[in-house]
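I have a structure I would like to understand better, so I am pasting it below and will then ask my questions one at a time.
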Amino acid sequence: MSSPKLEIKDVSKAFDEKVVLENVDLEVNLHDVVCLIGSSGSGKSTLLKCINLLVPIDGGDIVLDGQAITDAGVNPNQVRQRMGIVFQAFNLFPHMKVIDNITLGPRKVHGVGQEEAEETARTLLGQFGLLDKADEYPDRLSGGQQQRVAIVRALAHEPELMLLDEVTSALDPELIAEVLNVIRDLKASGMTMLIATHEMGFARDVADQVCFLDAGRILEQAPPDQLFSEPEQQRTRQFLQRIVEAGRL
Amino acid sequence: MSSPKLEIKDVSKAFDEKVVLENVDLEVNLHDVVCLIGSSGSGKSTLLKCINLLVPIDGGDIVLDGQAITDAGVNPNQVRQRMGIVFQAFNLFPHMKVIDNITLGPRKVHGVGQEEAEETARTLLGQFGLLDKADEYPDRLSGGQQQRVAIVRALAHEPELMLLDEVTSALDPELIAEVLNVIRDLKASGMTMLIATHEMGFARDVADQVCFLDAGRILEQAPPDQLFSEPEQQRTRQFLQRIVEAGRL
Amino acid sequence: MWPRLPPRAREEGSRAALIAAGSTIIVVGLILWIILTSEAWPAVQKQFFSWFHFKESFPDVLRGFWLDVKMFIVAEILILSFALVLAMIRSLRGPAFFPLRAIVVTYIDIIRGIPMLLLILLLGFGVPALQLQGVPTSRLFWGVAALVISYSAYTAEVYRAGIESVHESQRMSARSIGLTQVQALRFVIVPQAIRNVIPALLNGFVSLQKDVALVFVLGVREGLREADIYNARTFNYTSYVVAAVLFLLISVPVARFTDWYTERDRRRRQAMST
Amino acid sequence: MWPRLPPRAREEGSRAALIAAGSTIIVVGLILWIILTSEAWPAVQKQFFSWFHFKESFPDVLRGFWLDVKMFIVAEILILSFALVLAMIRSLRGPAFFPLRAIVVTYIDIIRGIPMLLLILLLGFGVPALQLQGVPTSRLFWGVAALVISYSAYTAEVYRAGIESVHESQRMSARSIGLTQVQALRFVIVPQAIRNVIPALLNGFVSLQKDVALVFVLGVREGLREADIYNARTFNYTSYVVAAVLFLLISVPVARFTDWYTERDRRRRQAMST
Amino acid sequence: GGDDEDSAADTTAAPEETTTTAAPEETTTTAAPEETTTTEAVQACAVENLPLASAGTLTVATGEPVFPPWMGVGDDFFDVPESGTGYEGALVYALAAEMGFSDDQVVFVRTGFDEAIAPGPKDWDFNIQQYSITATRAEVVDFSDPYYTTKQSLVALPGSPVIGATTLADLADTRLGAAIGTTSFDFIEEVIQPNEPASVYDDNVDAIAALVAGQLDGILVDLPTAYFMTAVQIPEQGAEGVIVAQFAIEAAGADDYGMLFAKGNELVPCVNEALGVLAGGGTLQALEDEWLAQGGDVATITE
C-alpha cells in the first residue's frame, strides 16, 4: 500500500481549558474502513469535525492525500468537497424538503443539474427505503428516517472519504442490516471511511482497523480480531468487558 | 394483578392524511416494563407522545389508573406531572445549565426547594457519570452525555410511569450497562415503564412484555422469551430474522 | 383517510382565559362608555372624529397617500435587499472579513443614531445645495434615499437577529457539504432566518409605511402632509384619522395575510403539538 | 491547560474580502472629498455643521435631552414588560385562549397602523380635553403613555418572532416535564426567544430613544424640540447635529456592549466553528 | 454681539454688489422705462432686468394654509392668497405694481418652513409669512426692510389665571406657550420669563388644543393674529377665547416682519426700493388700517 489517504499527526484540541484531543495520531489507508470506538465524551465526534475542518485544531497536522489540509493557505471549502460527513444529530435543513436537502450540495457546489441531482438522490433514497419521503420535510420524519436522510445527503456528494458519526444508533435492526450492506457496498466500491460507533458487532464486521479512543487519546489501534480478542491495554480490556456485560459483543 | 396502570384502547392517530397509529390496544401493568419494538417509522415515538398528551389523538382512549386522561375536562398538566418522558432527540433546554435543566421541573411544578432539587439532581447525575457536567451547557456535551442528561431530567421528576424513546441508542456500550442497571433498579423499585427501543438484547433482558408495532398497528404482544423464540405472526418472524442477520440478537 | 376529530383533552387554564378575555372586554367597554358619555365628548368628537371633516379631507389625503404608497414600494424593495446584504456581511466569520464587518457595524451604529428627520433634511436640502455635477437634485429622490439608508440599518439588525437564531449546527452542516460561507448563508441560514423574524420584519414594513410621510419636510405633499394642511386650515384633527384609516387599510390585511401564510408554512414543515 | 493557537486554515475569499473593504473605504473617501471640495460646501457646512452654532445650541439641547433620557427610561421599562405580556398571550395555544389572542392581535394591528403622532395628539390633547374626574391631564403622562401603547405593539411582535423561532420540540419538551403553557413560555421559550431577537429589540431601543422626542407636539421641550427652536430662531440646522451626537453617545455604546455581551453568552453556551 | 455686526455688514454690502454686477449687459438690450430717472440702480430694477426665478413673473412663496388677517380674508377668500386680501396679500400686489408687474404676473407658491430656509437656489423670488428679522437668521438668508412691526398679545380662555393681568409679575406663575419660530416665543423667554419655561408648538392650532386641554393658561401671538384666533380658531375647537391684553413693552429682539430671500439674491435692493416708496407714500399705513386695525379696546400689560 502506498502513502495513506488520511493522516492525523499529533493533533490536539482544547475547548477553553478542557483538553478534548491530545496528540492523536491516526492513519487511514485508501479503501480502508477505520472504526473509532470509545466511551461517551472520549472525543470521537470532535475528531471527525476536526478532520472536516469544522473545528479548528490547536496543534498538529491533518494530511489528506499527502497535502496538509490544516495549513494556512488551504481553502477549506475545497477540502470539504472531497469528504462527506454525517453528524450524530443529523442536522438536516428543516426548511427544505428531503430531496432538496440531498441535492443542495451537488447542485450548488458541484454544479450538477437539477434533474440529474434529483435522479441520483432518488436512487439513493430508494436504497435506504425512503423514496416516499422525498417530498416530506425533515421535522415530519421519525428519528431513523432522519438519520438515513443524513447519510444519503453525505453520499450524494460523491465524496472520496466518508466520516460517519454513529450512523446506526437510531436505526432499527432491520435497517442496520441494510445500512451495513450499503457500507459494505461502499467499501467494495473503494470508499475510504472513518466511522465513530458504539456498535462493536458492526465495527468487527466492517472495519479494517479499530481505534480505541480514551479521554482524547488513542490508546490502541489494531485490526478488529486482534483488538477485540487480545487487547493490549488494561483500559481497553476494561471497556470491552463492560460491553460483554451489556450483551453487545 | 389488579387493573392495569396504563391502558391504551383503540387509539388512532393521523397526521393530515397519513395514518400513523391505527386501533392500537395495549396494557401496561403496574411495576411492569413493556418494550415497543418495530421498524423505523412504525409509530413508536408517536405512541409515546400521545400517551404524554403531547400529540392529540384522533380516536380511542388512553386510561391511566382507571381514569381516561384523553377525556375533555382532564387537565393534561396534572397527567404529565405523573409521567416522565425521554425523547429520541433529547430536547434539552440549551439556555440552561445541565443542573437547571434537571431541577426546573421539580422546582416549578412540584415546588421542591432549590437546594433539595439540586441535591437530588446531583445524586442522579453521579449515577450516570455526569457529576462534572452539572454546570456545563447542553450544547457543549457529547451526544451520549446529552442523552444521559435527558434521562436524568425525566427521572428527577419522580414519575409514576416512565416513557423512554430509544434511550440507549447514543450510548456507548459501557454506559448501556450502567443505564440497564439503572432501569433494573427502577424496575426493582416498582417503576412502570414503556420503552421504545431497537435493542433486542436490552428488550429481552429487561422487559416483562414485548410489543411488536408494524405500520401503526400492534401485531403481537407477548413476554420476551415467547415473542423472540416463537413469534406468531409472519411479519414478526421476518423482522426478527433481519435482526439476527444484523447480528443484533 | 382518517376521520379527524378535534383534540379532546381540555387545555389547562381555559376558565382563567375566558375570565381574562371577558374582563378585558368589560374594561374596554367601560372606558369607552365613560368617554362617550362625558360632557366634553361632543367637542372632542368634533375635533378628532367629525364625519363631515372626514369626508371633506378624504380626497386630498387619499391623493397624497397614493404618493406615499409609491414611495413606500420603491423604498421597501431597496431596504429589504440592501439590509440583507448588510446583515450577511455582518454575519461572515473569520479575520479576513473583519474590515468589511467593521464598516457595516459602523454604518449601522451611526445611521441608527441619527434622527431620520435630520438625515432627510441633510440629504434632501444639503446635497442638492452642493450643486454637484450629475447628482440628482430631486427632493423625492433624496427623501427616498434617506429612508432607505436609515431603514436599512434597522432592518439589517432584524435580519441579523434571524441569522443568529439559527443554530450553529446548521451552519456547520452547510459548510460540511462544501458550501462557501456565502452559499451557506444564502441557501441554508437566511431562508430559516427570515422565517424566524417575519413578525419583526413586518414591524419595519408597517412603520416605514408611516415614516415615508417624513419626506414632507422637503415640501413633498404626501398623505400626512395633506392631513396637516387640512388640520392647519380647519383646526380639525379628523384628517389625521383619515390618514390612519388609510394606513390601517393596508397594514392590517398585510399583517393578517402574512400571519396566515407563515402559519401554513410552519404547519407544512413542523410537527404540531396540542 | 492547553496553549491555544489561532485557527490555521485560511478562510476562503479573504482576498475578495480585503478588496471589498478597501474599495468601500476608497469610495467613501472619494465621496467625502468631492463634497468637501465642492464650491457650495462652505454654505452647506455653515448651515449644517457650524462649530459656533454647535456650541451655542449645546446647553439647551443637552437640557432637553436629559428630559428625553428620563422619559425614555420610564417608557422602555414599561414597553419591554407590557410587550412581553402581549407576546406571551399571543403565543398561547388552544381554543380556550382564542378570545384573549384575538384581543391582542386586534390591539397590535390597530395600534401599529395609527401614526404615532396622531396617538400622541389624541391622548395628549383629546383625553385631557374630556375633563374627566381623576384622569391626569399632564402632557408628559399622556405623551409617555402614547409611546408605551404604540411601541408595545411593535415590540410584542419582535418578541413573537423570537418565540416562534424556538423550535416546537422545546415547547413539547417543556410541557412534558409538567410545566403549564405559561410556565413553559416563561422558563423555557422566552429566555431563548429573547436571546434570538436581541438585535431587533435593540432597534426598538435605539429608535424609541429618538421617538420620545415626538411628545414635543404636546409642547414638551425636550432635546429635539430645543434643537427645533434653535433652528427656527437661527435658521441653522447644526442644533440637530448636536441632538444626533447626543443620541449616538448613548446608542453606540449600548449597541457595542450588547453585542459583546450576547457574543460572550453565546460562546459560553455553544460550540463555535471556524 | 460680534455676530450681529457681521450680518449687518452683509446686508449693507448687498446693494453695492448688485449695482455693479447686474448693470452691464442687460441695459443695452432694453430701453429705459419712460418716466423714471435713469440711474443705474433704477435701470437694474426694471422688470426686464430683475434676476427673477422665472422670467417675467414675480413668484411669491408663502405658507400653506395662510391665515387671516395676513392673507386670504373673508369666507370666500380663506387660504386664497391670489385674492389680494389681507395685509400681506394686499402688500404683495401693491409691491408688485410698484415694481412694474401687472397683477397676473404675480404667482403664489406654497412652501414649508424647512424649504424656505434650506440652503441652495430657490424656485421663488421671496417668501412672505410673518418672518421676523434677526441677525442670526440673516446669516443664512436675506431679508427685505421691515414691512410691519408687531405688538405681542396674550390670548386665553375665560377663567384662566392670566385674565386681568396688568404687569409682567402677574404672569410669573402662569403656563404660557407660543408657536415655534415666532418672536412671541422669544418674548416669553426673554421678556416675561415665567417660572415655568415657555411651551412651544408646531403651530397655533396645536397651541390652542393645549389651551383647550387645560395644559396652558395663555398663548402669545402678535395682535393681528390674536383677533383672528379669538374670532375664528378657538371657537372652531369648541371653546371661547379672549384677548387678555397687549404688551406695551419692546421685545429684546426686533419684532419686525420682513420678506425672506435666498442668501445673496440680487432682488433685495429692488424690493426694498419699492417698499420704501410704499412706506413713504403712506400705502403701508393704509393697508395696515384696512386689514390689521381691529376695533375694540385691548388692555395693556406693562413692566
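For clarity, chains are labelled A, B, C, D and E in written order, and residue numbers in each chain start from 1.
Quick note on the criterion: a residue touches a chain if its C-beta (ideal position, glycine included) is under 8 Å from a C-beta of that chain, and two chains touch if they have at least 3 such contacts.
This is a predicted model, so every value here is computed, not measured.
Considering only mean CA positions as chain centres, point out the chain farthest from chain A.
E
With respect to inter-chain C-beta contacts, which pair, C-E or D-E, contains the greater number?
Ranking C-E and D-E by C-beta contacts puts D-E first.
Between chain A and chain E, what is the gap in Å from one C-alpha centre to the other?
Taking the average C-alpha coordinate of chain A and of chain E, the gap between them is 84 Å.
Between chain B and chain D, what is the gap in Å from one C-alpha centre to the other?
46
Roughly how far is chain D from chain E, going centre to centre by Cα mean, in whole Å?
Spacing between the chain centres: roughly 41 Å.
For chain B, jot down the residues that touch at least 2 other chains.
In chain B, 15, 54, 76-77, 89, 139-140 touch at least two other chains.
Spell out, as numbers or ranges, the residues of chain C touching 2 or more other chains.
10-12, 43-44, 47, 121, 126, 129, 131, 168-169, 172, 175, 180, 195, 237, 270-271, 273-274
Tell me, which residues of chain E touch at least two other chains?
Within chain E, the residues that touch at least two other chains are 118-120, 209, 212.
Per the contact definition, I'd like the list of chain C residues that touch chain D in the complex.
Touch residues, chain C against chain D: 10-14, 17-18, 20-22, 24-25, 34-35, 38-41, 43-44, 47-48, 92-97, 99-100, 103, 108-110, 112-118, 121-122, 126, 129-132, 154, 157-158, 160-162, 164-165, 167-169, 171-172, 175, 180-182, 195-200, 202-203, 206-207, 210, 213, 224, 237, 240-241, 243-244, 247-248, 251-252, 255-256, 266, 270-274.
Can you list the residues on chain E that touch chain C in the complex?
64-65, 78-79, 111-112, 114-115, 118-121, 203, 205, 208-209, 212, 233, 236-239
Which residues, counting only chain C, touch chain A once they are in their complex?
Residues in contact with chain A: 169-170, 172-180, 183, 187-188, 191-192, 195, 268-271.
If we count contacts the way the header does, which residues on chain D are in touch with chain E in the complex?
40, 43-44, 46-47, 52, 121, 124-126, 128-129, 131, 137-139, 216-221, 225, 228-229, 232-236
Enumerate the contact residues on chain B facing chain A in the complex.
15, 37-41, 44-45, 88-89, 140-145, 148, 165-166, 169-177, 180, 198, 200-202, 205, 239, 242-243, 245-249
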